[in-house]
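Sharing a structure here in structure tokens format.
Per-chain residue numbering starts at 1, and chain names A, B, C and D are given in the order in which the chains are listed.
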């Protein structure tokens, strides 16, 4: 299977190339970049020297149609809503890593992204690719909206418990922490090394654009959801997200109910690993891999559950999940190209 | 004024020496260490080379009585409950940086510290030295229990709002993050560089011994407190604590009420800095200083307030606060020796 | 092919397991640990949860003989000299990642390691496994001394130029920098996070035990070598070594001579990547991979060449090189299981 | 004494403000910034909130003349050569932290800085302010060229030995490592956190503009200097420089000669600390302070000396040294405002 990548010089694009390099059935046949047309990919990323001979070119839908079965869009906000239709018209399937096609309600997009939303027909066709939960729809999709990094960690941790009615939907509180690669490759003041090093920051308080994405998906398993509190912090590390999540237990909920709910949801999910109760993953324990590791514990004093979910934001939170979706869509085994052991330490 | 330090080779002790070096009225006259009797302090801490000629000696209450007006105890759990009585008997005032004397209820100590508590008479005499709130009692104290690092950040952020009745006491949720120096100087698996670097960890979930300390002090301003949820994480940085705190607003609470509550509590507090609404401090912005910086914002969607409080755990969370207490106790101006600009970046 | 690992709970051992997991022809059939007999490997390394069902057991040569074709020794100094003979007696081939069998002269071992050397017969049989240079001997070996991390980076950078007579052997100066994982998994003061973070240290000045290993191998390509200056530093990072190396050019040496020498040595070496002149690799550009990236430049002002060689100390500097040796020894293609793209960023 | 700062929003400027805040005789009376005219300094640097009420203004020489006795220029290359004459004309003394006025030979500036040099009269008036060596000239100066960060560490380590004829001038080799704050406050690809974290880089190989500055000053103590090899690396840390330096000993040189040379040069230098032979400083041991710590050792095998010199690049390598020069120039005690204990850990 031949795949193309638009936005190959960003971190999401580079990670796709790394992962597909290990994939048994997929090959990168085209890499597109508006800014570096004609340059070898290894000029942008010397770590790929001698590993491929990919040359960046300006995006062209016809070219993609001729050379690719599937195209990944690893582009900034506002781009994929424009490129997707042209690719679909060429009979190319699209897996979009941006946030453009995730929100069904265009007003939400406008409010949280401060940009013009995609056409409703596009939004309505796009399948939200949280593979463990929407895999059946992914199989038949032409257009996949790959989930955001935070929502991936959060939703995998919360959906089983909410679906089973074990926590109160109006009590949810999510305190999330991310490495800095989530902010992308462009140099910025917030990720300037001298100021991010040995530092810990909170940002976009109550304003993160992943908030409605989380709420939209949580609402598919409960009709009692109220607006969630979702905070995001920057950790002086490169990769990794930890979402620490809290909820009031519904009456009568026991630890074994929580475990049972997770096991029911994920018994055949190859990338979700549940820790024994009272043990918690650290972000490095999934570094470079497609795992989402989940730990939880009940607090008798407060009747709250604490859930900890960790992912590598560039893999399970972006490129790895996109390839997982590719595998499902193409009928490959789910784990094709994604069985890497985390790089630890 | 002559002061002594017990446990001078730990981080708390070293930081006391650093700060007293800048103090206009206090001098370190004795440094005690059980393990390094006879060694120059600069053998343990070469960064102090040529800055003092302190030599470590085994602790001896008589010696302390003869040479010190005040002794700081920067000792592991279980030690200061033993040393304090002998110092008080020598007419030496004691400022204890450990957790031994903070909890009024000895059962709480036993449950959370898993150790035998101090005598009740000692617990009853000890004044909890959260200077901004208990400064009047500190003035008259012989024995001060210096607050823990997490409680300092948490309490300074929450007390004004709880006292003013602006947030629901049963809705409190505290998600705290700390640099690794809080774990002390002894090498340990959890703070082993290859595994802590580029990593983010949660630890002691629902079991941190600072929980009852926070609850005890919050209860002094409200009688409606229920057990709090308090989580602690390790950030790959050396110094700094950020407590991100959440609470439901009571009916009718506005942003200006919150600001007014903070201003009323801290208008003459030299070390608490309030950010403009919607702006939040990062931990590095108080690095090396005795400041506690607080930011907050209201979320209309959820009717919750998010409060962010940051300190340097070794300064405001330990040695700096201890010297603040010394200043109050001795009748010096509060800021004596503590006016350092944060080291940024 | 079935392989066993002794010392599986150290970083070298864990990295072997990670890499073999991706290997097409090799399987880990036994993991040995003296201290954790009976424990699941994932108790020690939760990042491997659900990836294998390996259980640690005490080392037993008979057991290894019955279950393994090759055994990797990832053990502290002084152990492999004892275990190797028993394994060889069981017809098991041995790849030793420790320093015990690298130095042909037992006196050198005693001087630099301050320990009793291995028997001379063992030293004499052991093949030094710097695969690019000694691959022919590796093919026929029963016992391989896998090179140290620093020597790997240093030797791959220097051997081509010394062999071609392009630099003066008595002018060599090597200033090397390493991440902290080279110090192993045991917690230690030097790698205690609060003191290693935001810090840079020099250690073992003129006393590093890799010095004679480098000299021994350099002497195989020149007979004019004098003692080298070799310095080692600790960088606040987990993985990676950079060796910055300096030498006086011999009369008439040009940039193109240097490049030609590298190309001649490495034209068919799959893991050595040469940068264009004047471009230099950073350590992260080989992170998690088996590459050694080399850059160099001539300075007309000083007539010196500066050579920069980077590796991942746990891969090319340990486990990856060991598997490279396994591949050569077993007749597999050199790159089997080792074609990972570096994890960047 | 009233001082002004031009370029107050850069790291050098901010550090000057931090240090002068602790200075007993100097006060910041004006802060200039071309880009942020009218903004409070604490908007740029929230860590200074409530500590001063400085407001940035566009630079104006008349204003400086009316309000300042001395002006510090913490400006990018090419600026101070323009501003200095106007300030001197107003009878304001100038301490320039940029590289514009350090090189006596304008051709060197053009070659290494790729910019137009300052007027020769300005270059000839400027006193190179390496206080320990040129303090006598500083006393009488109107215009001081404050040394670069790397040259400060390098020169303090090498000058005593070269002056005493203990090392061969043509054998010098300097391998220097710096934290990232040296690159300034502007976000840049090289200091982008995701790529600098857990990474180690070499840069400007044989092209660093501090090379001729080092050579110029070394030439004042020896007439046998040949071009030096000087390499610079970036360490994933914020502050700190370590220069590891190597030289061949001249015939007959012993360890005690080296120590004697250092002691003779620095017996009354308050900011240079010499370690016992064989002990070496790490960069964190001078963090936030004005110290330069030096360690050295002789290697009998190679007849080379290894010298390690560490500084905080923003203090001793910039703002602290500038204030040291201010103290000398103004006739204050050398240590005024500079007696901070390093912030450790």
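By definition in this document, a residue touches a chain if its C-beta (ideal position, glycine included) is under 8 Å from a C-beta of that chain, and two chains touch if they have at least 3 such contacts.
Which chain is which protein? Per UniProt: A, B, C, D = N-acetyl-gamma-glutamyl-phosphate reductase.
Just so we're clear, the structure is a prediction, and the values are computed from it rather than from any experiment.
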Considering only mean CA positions as chain centres, point out the chain farthest from subunit D.
A
Centroid of subunit B to centroid of subunit D, CA atoms only: how many Å?
36
Inter-centroid spacing, subunit D versus subunit A (mean Cα positions, whole Å)
46
Of all residues in subunit C, the ones touching two or more other chains
11, 179, 181, 194, 197-198, 236-239, 284, 287, 345
Chains as vertices, touching pairs as edges: which of line, ring, star, complete or other describes this one?
complete
Touching subunit C in the complex: which residues of subunit A?
11, 14, 17-18, 21-22, 45-51, 181, 197-198, 238-239, 273, 275, 279, 281, 284-289, 293, 339-345
Complex contact set, residues of subunit D against subunit C:
173, 175, 177, 179, 194-195, 197-203, 205-206, 226-229, 231, 233, 235-240, 242, 244, 246, 278, 280, 282-284, 287, 297, 299, 301-302, 304, 306, 308, 345
In the complex, go through subunit C and note every residue touching subunit B.
11, 179-181, 183, 185-189, 191-194, 196-198, 236-238
